[in-house]
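Attaching a single structure in structure tokens format; questions to follow.
Naming follows writing order (A, B, C and D), and every chain is counted from residue 1.
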């Protein structure tokens, strides 16, 4: 049931969606007419709602993916195809403690927080106060700010936390963080870095090899949308050809 | 710290790994000598262990991915690239209630259970008793059996649960489950199907269009391994070119 | 040496090019100033030419690829990645006799003509007079019209030529041409069809299986552009994800 | 019609083929029985031939692709997906003069020779006498040796030919050839290099930028086989994920 204060994803079609907070006297203005959001209160998520011009919209319960795709952005965000794989490879789950940098718009932060709930925690480093402000807003909207500590600190100068399950990086110079990640990770902990260029990957892998990391592997993923029609099924003409490389490693220890 | 009864992932190199239970007098025989697993008790996860012939192995804490890749299999399992995306698109997380079919070897079941802990639950349908027996074994090994109810039932004849967050299918005839999924899902809930062939996708999409589902989309992912070497960086020569298509939809409701 | 009447590819940069005929008093107007094309006469292909505003352009000798990419289009054209593979798989070369349909804008026609020169020939079928007019213009510009016979005929009603080396189709209903292709091809000749949708492929493959064709295979290709920079090498963000499937087969005979 | 001395591609199925010369009393021994090749004389290419055990084979006219795939190899050969694109991008055709290095097993040499016939020529450099011997054999088998001059010379020390249409490289250090390629190419001529690693690409692109080359571009291609069946159409499970990068450039000139 939709309550006042809930966020809903208003959908006209998959390409035209709005993530809005439901309030009694609030309206949403679209090119297909005005929606009276207040009338959603007490109805089901997933319900149909008509605009002032009679266009049909739907009020969906936002998924973590919707919070990500609709986050306020002042930095590039990581795509679903990469987010899903990063989380899965990292091994994190409910209860995990994770260090992340940079916070950026908080898209990855949100996703990590979503999965470590209710007992885990995300420590997210960034040197830019403005981006952390946006990230906090995005986290609050998704109801995930309690599971995150935003740290206005330069992670290349050190990580405060110890015995964390994973260090996950999406930043310009991940290789500078490798020694700190080693100190911060618990033995057998996971290092993951997401980088757009091959030079970043090479420097990061080289740094990992100089420390006690094993199973150092780099992958890239591609995702294609398939148009499914009775008589003209085919992949979409265009796709995102490259987002970034994911580098994975695990910490080992002599003792 | 490794305790008796813990599972460890013994790694010689990324391609030669063993998932074993640590017991006092247990040994692991490899082509590089014998490991005395008992000597791991009290040591750190991630520690080095030498075989009888002096070869170096590591005893890692298994990640959910390791439990998946090392699961006993009597059916084809879904690959990490797909598992990560299925979980992410489904929107599930701690607390979610999920219906799954077929159980198969329980690889996807394990993954879903991992993420819905500690308050969520997975209801997994399969008509084959033998596969559910194997799945149970795999779930127990991963410490996840408490979060799963294995149901020896034909999901094409109906789903018992109501108001679930997601219905996730990896089976031969997903289109036959679409009407039941609609009944079982809570409004705004997510339907996901994973199918290797385009004909399965077409039939499933066609069934979804006949029911109240929206944002019906189909994607496929490709993952390439990158070999990173100082002077010969390049994608690996071979890759998995196709596993399956992921079809996603959300339930809507008139009221 | 550039002579009057030659075509040159004027290039400002790889994304801003013009295919023009050199004439004594002709000018080319661009957003970077006016070029006096007459001054190219007597100079080398590949030479630099300055515009009225001092911008640097180059006057390249057009390659077959340039004639294709710069052809006047009233239909979708096949991409280089597919053209190269179609020609290679077809086995054609100097001296080959090829049947093609539909003519469309003549892009594929041009390419086939380019490779069968000087003794081979291309018979190109289309039912639309307007497209053949454009195709003829494109072929003349590339100096290839002598190697092509444009036939204003419906190829689904039959092929006039016999003992041809290859039948190459880029049209909506290739499966309707399969019986005619069999009649037209010399024994061991090659059938190739390029189709955007999987349903077209299925119908064509099914038709091929009903006739005496073997080695029936279907492929698709993907091409990524790589950005090569000293410190930020990476695939381009976007790419063409799908153009069409290429289906190949060879005719066999009992006797 | 098959004559004595002709090469035929004997095909049991697409994965089991033999490229053999037809001689009166010659036999081909396979695991499905013995074929009497002499009985092919006077029959059609593409005809059926039965083995001693009654298995059905076909005697196809070899395409240039068959000569490539069946060439005797002592080096890695370039795949069809790359060969087709290299030829197309290079702009060569009947009459072109091309410099190539290294000769290797002559697969690319063969392909280039096939397309420059009857008036063009390929100059192929290699420092290894043994590979050129094999290449010559392969070229003779394909009837293409007249269109090729094999040069036992180190191309990194210079190219003898002038005013060639294209320089096409498949060798370990293509960047060392860039200055010589510039001297050898006619203005507006095409440079192409095929390299498996990103470091080779970076060095080559860097060398091209130091000389008068423009439109310097690098691409990679992927090819997937599609299994087309009435009710289980899907891409093949495995594919070649990487062969090499193709770098293209054109020579310009100040005058």
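Assume a contact is a pair of C-beta atoms (placed from the backbone, for glycine too) under 8 Å apart; a residue touches a chain by one contact, two chains touch by 3 or more.
Here the structure is a predicted model, which means the values were calculated and not measured.
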Separation of chain C from chain D, taking each centre as the mean of its C-alpha atoms, in whole Å: 21
Gap in Å, rounded to a whole number, between the CA centres of chain D and chain A: 46
Between chain C and chain A, distance of the C-alpha-averaged centres to the nearest whole Å: 44
Chain B residues counted as touching two or more neighbouring chains: 198, 224-225, 233, 235
Category of the chain touch graph - line, ring, star, complete, other: ring
Contacting chain pairs - touch in the sense defined above: A-B, A-C, B-D, C-D
List of chain D residues in touch with chain C within their complex: 11, 14, 43-48, 58, 60-61, 63-65, 80-81, 83-91, 93-95, 111, 114-115, 117-119, 186-190, 198, 201-202, 205-206, 214-226, 228, 230, 233, 235, 245, 247, 250-255
Footprint of chain D on chain B - complex, ascending: 196-199, 224-225, 231-243
